[in-house]
Each structure stands twice: as C-alpha cells, then as structure tokens.
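The chains carry the letters A, B, C and D, assigned in the order they are written, with residues numbered from 1 in each.
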Amino acid sequence: MHNELKTSRVEALCDGIFAIAMTLLIAGFNDMLNWPKSLNETELRSLIFQMLPDLAYYVQSFIILGAFWIEHHHQFHYIKHTNLTLLLISLLAFMFVALVPFSTLIVGDYGHTRIAAILFEANLLCAGLFFYIHWVYAANKPGMTDRALDIKTIKFYNRKNLVIPIVSVIAIVTSLVNPQVGSSIYFTVPIIIVLQRVG
Amino acid sequence: MHNELKTSRVEALCDGIFAIAMTLLIAGFNDMLNWPKSLNETELRSLIFQMLPDLAYYVQSFIILGAFWIEHHHQFHYIKHTNLTLLLISLLAFMFVALVPFSTLIVGDYGHTRIAAILFEANLLCAGLFFYIHWVYAANKPGMTDRALDIKTIKFYNRKNLVIPIVSVIAIVTSLVNPQVGSSIYFTVPIIIVLQRVG
Amino acid sequence: MHNELKTSRVEALCDGIFAIAMTLLIAGFNDMLNWPKSLNETELRSLIFQMLPDLAYYVQSFIILGAFWIEHHHQFHYIKHTNLTLLLISLLAFMFVALVPFSTLIVGDYGHTRIAAILFEANLLCAGLFFYIHWVYAANKPGMTDRALDIKTIKFYNRKNLVIPIVSVIAIVTSLVNPQVGSSIYFTVPIIIVLQRVG
Amino acid sequence: MHNELKTSRVEALCDGIFAIAMTLLIAGFNDMLNWPKSLNETELRSLIFQMLPDLAYYVQSFIILGAFWIEHHHQFHYIKHTNLTLLLISLLAFMFVALVPFSTLIVGDYGHTRIAAILFEANLLCAGLFFYIHWVYAANKPGMTDRALDIKTIKFYNRKNLVIPIVSVIAIVTSLVNPQVGSSIYFTVPIIIVLQRVG
C-alpha cells in the first residue's frame, strides 16, 4: 500500500536511537556508583585506572555504533522512499542497536568469559545482518531508490554492509579460543571502512 | 486559533520519545547491576540464562513500540497540519509511551503476578486508545489532512489503530486467569499488522 | 553577526531535550529498584499502590513539560530566525527543563516537606521565566519573526507564557503553608491553557 | 566518493547527542539515590545544601555543552556538504561529548582531587580539539562550504573554536596546583564567547 512513505521519519528515529545508544554507553562505567564518597588522590587514581578496560570497550562500541550509523546514512543517501517491509527491517536492526549499551556493559565487566564476549559479538552480528538485509532489499526493490542504482554502487555497499557481520563471525570463532582477543578484533572496523573508501 | 501548526515538531518529539523509550527498555536488564564482579564462565552463563524472560519482554515491548511508531508515521503520512487539541492528544499518547519501559521492567520481574501483567497491558491499552483518538479526530476534522480523505482510507486506519487496544483488552481478560499467557498475546501484533497490510 | 541563523537546530535540540526529560520522569519510580525479586500478588499490589503519589507527580510533570513544549512550538510558529542571544536564552530555559526529572523525583519522594516542594516550583518558575524572556526578546527584536507581529498576537503570547511563572509563584507561596497543596496547583495549567485558547 | 552527503543527518545526530548528554548531567545528583525515604524538613534541607557543588558542576557542564553546541551550529551555518572524513571527525568529537556526563559526575563527587579535575578538563580538551579540527578541515576543503569562505570568517571561527581548548589547557595546568580553582575556570567560557561576538 505505502511504497511511498517519506524517509525523514525513519532517519530521525535512527538518529535518535544511535544518539541515545552512544550516550548510554557510559553505563559501562557503572562501577563508580559503588565507590565510597571519601577517596583520596591515590585511591581514586587506582580505581580510575582499573576502569581502563571499560574505557576501551566504550571507545570500541562507540566506533562500531558510529560505523553502523555511517552505513545507515550512506544507505539513505540513495534510498528515497520506504515501505512497511523496510520499516520493519529497520526496527529489527534498531532493536539490536539499542542492546549494544547492555552487551557492552556485560563484556566490560566480564570480558574474560566466553559467554560475555560471544553475547556482545552476536549482538553486533545480528545488528549488522539486518543493516545488510535492509540495503539488499532497498537496492533491489524498484521504487525505493530515486533511480535504478548501477550494479557497481549496489555491490560496493553490499561489501561495505558485510564488514561488521564478517568481522563478527571471525570474532565469535576467535572468542571460543580467547574471548579477549575476540572482542578486540572490532578495532579493525574503522580501518577497513576507511580502506574500502579508496577501493 | 492555530489550525495551521506545522507537523514537523510533533513528529520530531514523537521520534525522540520513541527512540528513548525503545532504548530505555534495556532497563529491564537491571538485575545484572547486582551481580558480583567476580563470576566464572558457568556462573555468568546461568545468570544470563535466567534473564531470558527479560529478553523476551524486551523484544515484545520493542515490537509494540515499533508498531505504535509505524502507526504514528502512517497517520502523519496523511495529516498535514496540527492544532492544540491534536497536540494535547499526542502528548497524552506519549505520556503512556514513556511509561512502557517502566511497566516492561515490572512485568519482566514479576510476570507471574496478575497486577504486573495488567499494569503492563493497561499501559498499552491507554497508549493505543489515544493513538486511535488521534487518528479519528484528525481524519474527521477539516483542514488537518491535505485533502479530504476517502472513507476507505479512514476506515482502514481506524481498524489498524484498533489492533493494539483490542489485543490489550483480550490480554487483560486473559491475565485475570493466567498472567503469563495474557502478556504474551502481544506477539500476535506484528502478524496482525502485516496481514492487515494485505487486506 | 548572525541574526540569520536558521531555527531548525534549536527546534531539534528542544524536541530532543523535552523527549528525554519526559521519558526520564520515570526515574521517579526508582523506589521499585529496591523491591525484593520474590514478591507475591498481595505484596506487589501494596507496593504499587504506595507508588500512586509518584504516578501523580509523573502525570503532573509530564503535563507541565508538555505545556512548555507547546509554548515553544507556538513561539517558533512566528520566530523565523535566531541569533546568539536567543540561543543563550533557549539554553538557559533548557537547563531548567533538564532539571525537571530530578526535582520531580525529589518532590515525589519528599512531597511532605517545604524544601522539596519549593525546589520543584522554583525549578518550574525559572524555566517559565526564560521561556517568557525568550518570547519577549524575539517578538520585539526586528528580523527575528517573519514579519512584524501585530500587538494583539504579542500580548496574547505574553499572557500565555506567563501562565506557568504566575502559577509557580502562587504554588511557592502556598507551599510555605502547605507543600502538598502547593505543588498540586499545577494541575490547573492545562485548564488555563485550554481556556486561554478560546479567550 | 561521497563528498556530497547532506548535512541534516549529522546535525540531527549532534542535536540528539547534546540533548541526551545535557539531560544526563542530572546523573551528577546520584547521591540522592542513597538518601533514606524518611527525612524530615531539616535533614532534607541539609542534604540538599550538601549538593550545591554538584549543582555548580551541572550548571558549568551545561554551559560548556551549550557552547560546543552553538559552535557546531555556527559551523554548519557555513558547511553545506559532508564526507566520510568529516563524519569521522564529528563522531570523535561526539565520543568525548558523550563522556561529559560521566566526567562531570566524577568531578562533582571528587572535585578536591587532581585526577578528577584533570580527567574532566582533558575530556573537554579532546572534545574541543576535534571541534576545532572539524572546522579547519571543512573550511579549507573545497566543496564542503557553499561558497569559498573569506579569510576573515575562517579566522574568526578558528579563534572561536579554540576558546575551549585553550581554557582547558589553562585549567589543566591550574589543576596541578589547585584542582577546584582549575575546573571553575570554565565559567569564563560564556563571557569569552559573548565578548568574541562583538570583536
């Protein structure tokens, strides 16, 4: 029925969800809520240094969310109309995006366990797959993009949208052996994205 | 006085409120804030498995909020101007939308009780009724929609906006007998919405 | 220098801040985070009934935030450009809007004390005064509105933007005698706004 | 490839992140979550007065975030297109903006320690530097701004975007001697910005 819904609403919802998810990542610093109020310089410094792994996960998740957001931005550079199917795919992607602060918090606190690492990576895998499906559906459905896209552009973004899913699969497999190495593989994502830009 | 307010502001407020409510649903995973910091693989896995009902409620509430958001999106596909009455109805709807993370948290923790299930379902019933009233008012008030809407479109969205209220009434009645069956009836909402699309 | 900044950014920031402040009002239900996980039907029901005052404050604050948001929306129906002064006034107003979830939480928990009631009411008084100043500045500064506004419109919105500050002063004075009566005076705000619409 | 991405998305993400970061500053009032539910007038008043430093940091951080937001707003008054590099710089700036509620919370609770003050100031320094880099890149890269900017405008905003980084360096140095003086230097930021407007 509605193949002609405007895209501004889903773009606004997307921007809102990413803005909140990115900002809620600071929930990963929840440890500090249990700190006693009277700490001297040395005690506070040592507690803050213990939070460095949380900071690393904050940076990593922020970068991954940023990468998803840029993907979505690029997709809607081409997509000019949306429909119920595309909205439902978007919502499924957002459902996993909104889980990222939670899975980051878990992996930040229990990063030495396989279950925490794999939970985090499976979360990103699912989000990434729905963004990929979103692109494949929109790029191939007539009427969604302004004009028919050339095969080269479609394939370029097919590859781009597969970066996070593929990295996630590698991370999950690696985490079975070594969880901490596994979940730090995502630091390659921005490098791959920047390299792809040239390629 | 102002029958001619633009709709972009209330759409933006709506997108913001849904984005936040959807993201705050992770508050339902609050149990984990009480977990000890030193957990081994097995202990963490068992605690995470105990949270599966919370995850089910997360998914369900996300889907319901998504369904409301799509409804609102569809309504404003037709509504081109707003006025004070319509803004007040919107705000009442949003007031119940913003309660969803709270009632989800309650039903996630105490889903075996009637009071928690009915609180959750009554919350969705009220939100749904205000979205329905919003549509009925806007569709029938001259000057709100771009052009006069045909009866068929009005009735189609009347039915669409009644899905969640009707499901909620059924859920409330069912919850009097069995709360856990009652609140899981909402999983039918996306199916009904997709079917309606065809019908 | 910039008397010609577009208004869409400050409208978007406003919509975002109101959306978040409205949704964060559920922080007023923080009591429930201390509830034991194993509660039976009767215990949970009695705890939920004890939260009814919190719910009343939630509804009231939501309505007041809604009233502020509608005011802002109406103001920008006329204001077409903004400048540094107007942005600074907006930010000061938003600074008090963002405090509302906090002062609501305090008044919800300690509504029987004068200090909590007056804190809440002074918060709304300050927010209201900055919204009033915002309108007075914009309506009288040449180049901010699309065309010169007629005196009648300026005065109508002068009155409208004074509703919350005046109600707040009355509430503060009343709270010195009886805090609970004082902070419930705000329930008159929507009535006044709707009546003003006619007048 | 994409030197021609529209700017509305990154403006919306920015507005969302600032709206949330500003509103989450109330997390600095977290002390009150530990207050007993039964407090009389005198006890509550004394606890609230103990929170005045938190309120001062709230106001200060709100003003600084407001100053960053106005900077970003001014930048995009001139910037008409964006590209991947500019988006990445934006995201890095936002990553530090989203940390402000956290570093404000730390400095609010432990403002007497050097580590807390310097953490807060280093956070603002990094955010400020990325906003500065954003402007320098955009102003000098052909095709980002609508038309070539004159040298005077570029230099004016170079100076404007350096205010917070320079104040931050002064604050860090001062904090090595006296942390509480150091972090209160930011109250000069709005004054400098208003004076610059004239200059």
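In this section, contacts are C-beta pairs under 8 Å (C-beta built on N, C-alpha and C of every residue); 3 or more make two chains touch, one makes a residue touch a chain.
Quantities reported herein were computed from a predicted structural model and do not represent experimental measurements.
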Centroid comparison with chain D (C-alpha atoms), farthest chain: B
Turn needed to bring chain C onto chain D - CA fit, degrees, nearest 5: 90
Between chain B and chain A, distance of the C-alpha-averaged centres to the nearest whole Å: 24
Whole-Å separation of chain centres (CA-atom averages), chain A against chain C: 35
Chain A, residues touching no fewer than two other chains: 12, 15-16, 19-20
Partner chain C, residues of chain D touching it in the complex: 11-12, 15-16, 18-20, 22-23, 25-26, 29, 32-33, 35, 37, 39-41, 44-45, 48, 58-59, 62-63, 66, 69-70, 73-74, 76-77, 190, 193-194, 197
Chain D residues touching chain A - in the complex, by the definition given at the top: 1-2, 5-6, 9-10, 12-13, 15-17, 19-21, 24, 30-31, 84, 87-88, 91, 94-95, 98-99, 101-102, 105-106, 109-110, 113-116, 119
